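Remarks on the structure that follows.
Should a chain be cited, it is by its letter among A, B, C and D, assigned in written order, with residues numbered from 1 in that chain.
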Amino acid sequence: MSLLQEERKIILGNEYVDNFDFAEVEDFVKNASKDLFISYNFKTKNKMLVQPRGGFPTYKKQFALNKFFVEANVDVLPLTIDSNTRLNDYATAKKMLRLSEENEIDMLNGYPLVNHGYRTTRKMITHFNKPVSLRHGTPDARLLIETAIASGIFEIEGGPITYLLPYSKNFPLDKAFLYWKYVEKVCANYSKLNEPINRESFGPLTATLVPPAITIAIQLLEMLLSLEEGVKSFSVSFSQTGSMNQDIVMGAVIKKLAKHYANEINCDDTTINLVYHQWMGAFPTNKDFAEQLINMSTVIASMVGADKIITKTREEASGIPTKEANAKTVASTQYTLGILNGLPNIVDEEEEEILTLEVKAIMEAVFNDEADTLWRKVFNSIKNGTIDVPFSPHIINHNEMITIRDANKNIRIIKRGNVPISDRCFEYEKSKCDLTKDTTSIVNDIIHDIGIMQ
Amino acid sequence: MSLLQEERKIILGNEYVDNFDFAEVEDFVKNASKDLFISYNFKTKNKMLVQPRGGFPTYKKQFALNKFFVEANVDVLPLTIDSNTRLNDYATAKKMLRLSEENEIDMLNGYPLVNHGYRTTRKMITHFNKPVSLRHGTPDARLLIETAIASGIFEIEGGPITYLLPYSKNFPLDKAFLYWKYVEKVCANYSKLNEPINRESFGPLTATLVPPAITIAIQLLEMLLSLEEGVKSFSVSFSQTGSMNQDIVMGAVIKKLAKHYANEINCDDTTINLVYHQWMGAFPTNKDFAEQLINMSTVIASMVGADKIITKTREEASGIPTKEANAKTVASTQYTLGILNGLPNIVDEEEEEILTLEVKAIMEAVFNDEADTLWRKVFNSIKNGTIDVPFSPHIINHNEMITIRDANKNIRIIKRGNVPISDRCFEYEKSKCDLTKDTTSIVNDIIHDIGIMQ
Amino acid sequence: MKVVTGVVGNDIHVVANRLIELSLHARGFEVFNLGVNTYLEEFFDAVVETDADILLISSLNGEAEGWSREIKILKSKYKNLDNLVMVIGGNLVVGTASPETIVPKYKNYGFDLVFHQVDLNTGLDTLEEFLKERNK
Amino acid sequence: MKVVTGVVGNDIHVVANRLIELSLHARGFEVFNLGVNTYLEEFFDAVVETDADILLISSLNGEAEGWSREIKILKSKYKNLDNLVMVIGGNLVVGTASPETIVPKYKNYGFDLVFHQVDLNTGLDTLEEFLKERNK
């Protein structure tokens, strides 16, 4: 038996798993409806796929949410996991699930997939016959992913960097890499049976003044780590920056470089798609305004040429959205995509060149790290600040880079820390900003820049 | 006394006018607050001005509507005139106004400005101290315009072509030209006293598959007719076509050509602004979708670089909008303009070249008409189909041109009738469309093309 | 079969009218389209002149009701209009109202078929069925 | 004056926390920022260690109430915290609720100043006034 298979047996021998039948699951994946695979939908549906966010504790409520989404003409269903499961605390999740089922009140902020188990969950997924995207934020997602695929969930979001740096303060980064390596392998193996399982990275990160070069470098590195293990369908992603032009430039550069680096490791047979997140930063409290913002995000996603869009709701600033608000966004987004026509072809050569140079400089620095494997190189690069994510709460993050918005609201790097962008690029970035201001005004500008959509 | 002044005396001696005091009105205009002049607002406000649509019969209701608009952060107030006044039927307007005042029900579909008189109306206008745009649709607007300017309304919409071809079946076009000549002269004369009075043309026309070349030619001709009389501030306009790229191309070409033709007649001292109308065609009945459409219009207006945007409401498909729906659009549009940043620079050289050639060909044909004055040349050109407006209800319109949408929803000319676009341009237009289809399918396509936003 | 059509009153919304002409043609009717801005007398005169079987009126801007009240009186002045099929469609009120209140009202004004905010093709399909039933 | 600040519980929303540190500095406070994901004991330990005058807690993800219930018991285990000014702000409930119900509740938990969905600068202005009043 392979080492991986032994590890799988241990993982799936967990007391909260009710007899994982490897053969049956393999058989299920092999014969599963192609409609369940987002990779198949990307290939066959000639449109931007629309995916909302959402998850409820009980089967009944989750089923109702999905029904609502399907009626609103959704393309991809989300399944958001509760935070106990994310922390592998299945005991608490179990207790809270029972309480949620017995009373009418939700005691979990998502769907406790492991506790529901794959036999139950698969019923729901095959019933709706739509591709499902697993949204979690779990550093050790091994059991979760096994259960997800066994349930018919064939898109797995996250990654060792993107699910850690924005979501955690203390979880050890090296462990995250190893746990995700397992995930990639499992996805890769199942991909041989039917259409490929899709992996998706979480590009929004902290959604707060993250410069495009950092986002893209991280997307590419998570993609490479995944492709190394044999994944054949991968989605890179990013969220609205606040500048339409910067979004379009980012879209062009990330598409080009993803292809480039995939080819470099001889993975030209891998399909790479682009996912765009509607504005992920601070939302306006006025719900009508929130809808304007959401609509504008959809327009920009079209200009970026995204293959999938992940939506927000009018209730973002206040709390967990109702299923009505969520479904409304889906219907509106579909309508907007349908009426938005005659997209112009936009190329900003100078911005694309600068961004490409920046990303390549970071990638090269990572590759040049003396460690033996890619994940160790990436680990070291994060630790030494070659990769630096603004506003990450994680202790390992370097926190030396400072970014600000220029007059057109493009995010610009005004202090590079250890991020190895060239002098030419750095001068270009700074030249766009007014740096004659004193520190207090710059700090005020940053505060203002965080709240630009409010 | 000049001929014009004699005509003015006759016009203003109308029994529904209560003692028009020429000297007092001149004095009022001379000393009026600059804020009331949209021409001044264009110069000083560094943003796209937002103007809704709306008009109610009674002073009280109109005042309330304006208050609502101001609270929603409006830039330009509209004053829409009722249809009796538009037909110069002041007697009926008077009766209906009294009925509206006595009961709580509105018996007019707009504000009967002549009956209210300038002394009353001026109180409202100076109270809010915002520029007001007069929206009517009147072929003989002489008395209306005099009353408007005396009231403090310093922007006059319309024109002999744009207020006739979409709005009337039988009104004689030659008379319309003469009545509008009076309007231009009065505007020009008052413009010498303070900031200039602004004239605005109505670019949407029938809002139904009008090809850009026709819209722009008509805009330019109305501009020239106005500038000839001495108007110093003019707005050309058009409405959303259904293709973002076509809108952007139209914006670029109309700005360039307006400048060009104004210079040709030595009017380089005239300020020309660009106004964009949110989608003017058939609206979706779903009000949430209508809001998406409106938001998208705002985004496109920004990309077009419009100086003013005229808004629609979520209730467009069902009936006259409530003041709440109207104010909501204003607030949302302002919000969207505020958060939309980093506009890319878009140039489509080929489309711009073709469109420029088409417009110039039409203009040249008009100028080459053997008549002695510009208005007569234009009159002849409309009559002989050099200018042909699709879906115009007017008997004089040629109705020979056929347009259809291409795959990107650009409006394309597939039958040119007498419109003198060159073979090269015509072949270009047709090359974008699938013309192998049979007539029935093409007719079905046209029906579909009219309803693209539904 | 012959159809007289047009948009009633001071209404100048011409788009639907053009489409109606095309659709009726496509369905094999002989069409006499009076266009927009057509008054009731003009409609009936045209019916008499062309010996039409059907009068199909559109209204979009909300004016229809004001005019429809006069139909019965007017129609009674003409002879031989008893077999005329009368159809109306479009946006039949100012503001909003439900078909439940609108349809009976207009039937009472003398229309055989009433289509408030009904899609053109649905309406014309219904018309053709109605004619089939009638000629059985 | 010394302030201990941070985000309580498992909450990792760090943006406001960074801004708070900047603003407090700019206003002349000596700041000890424990960052996100900070438990109550850690807050009180830091107050004791630094001899802080003010404890300023943030909460964004809705967790605050769960933790606040334990404040009184916990605080009573420490000595000399009677003069500590306790402030909390951010998004203090899951979902929505009005300040009228939230503020008294949190005052009861032991906070002197409570800012639910209140802008940072408004909150800090109020804090400074509160301190002035107190030291009169």
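One rule holds in what follows: contacts are C-beta pairs under 8 Å (C-beta built on N, C-alpha and C of every residue); 3 or more make two chains touch, one makes a residue touch a chain.
Remember, predicted model here, so these are calculated numbers, not experimental data.
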{"item": "Chain whose average C-alpha position is farthest from subunit B's own", "value": "D"}
{"item": "Averaged-CA centre spacing for the pair subunit D and subunit C, given as whole angstrom", "value": "72"}
{"item": "Euclidean distance of C-alpha centroids - subunit A vs subunit D, Å", "value": "32"}
{"item": "Mean-CA-position distance for subunit B and subunit A (Å)", "value": "46"}
{"item": "Multi-partner residues of subunit C (at least 2 other chains)", "value": "none"}
{"item": "Shared interface positions of subunit A, touching two or more other chains", "value": "none"}
{"item": "Interchain contacts, given as pairs of chains that touch", "value": "A-B, A-D, B-C"}
{"item": "Subunit C - residues contacting subunit B, complex", "value": "10, 12, 14-15, 18-19, 22, 26, 35-37, 62, 94-96, 117"}
{"item": "Interfacial residue positions of subunit A with respect to subunit D in the complex", "value": "83, 166-170, 206, 208, 282, 285, 318-320, 391-393, 440, 443, 447, 450"}
{"item": "Partner subunit B, residues of subunit A touching it in the complex", "value": "241-248, 284, 286, 288-289, 291-293, 295-296, 299, 328, 331-332, 335-336, 339-346, 348, 408-410, 452-453"}
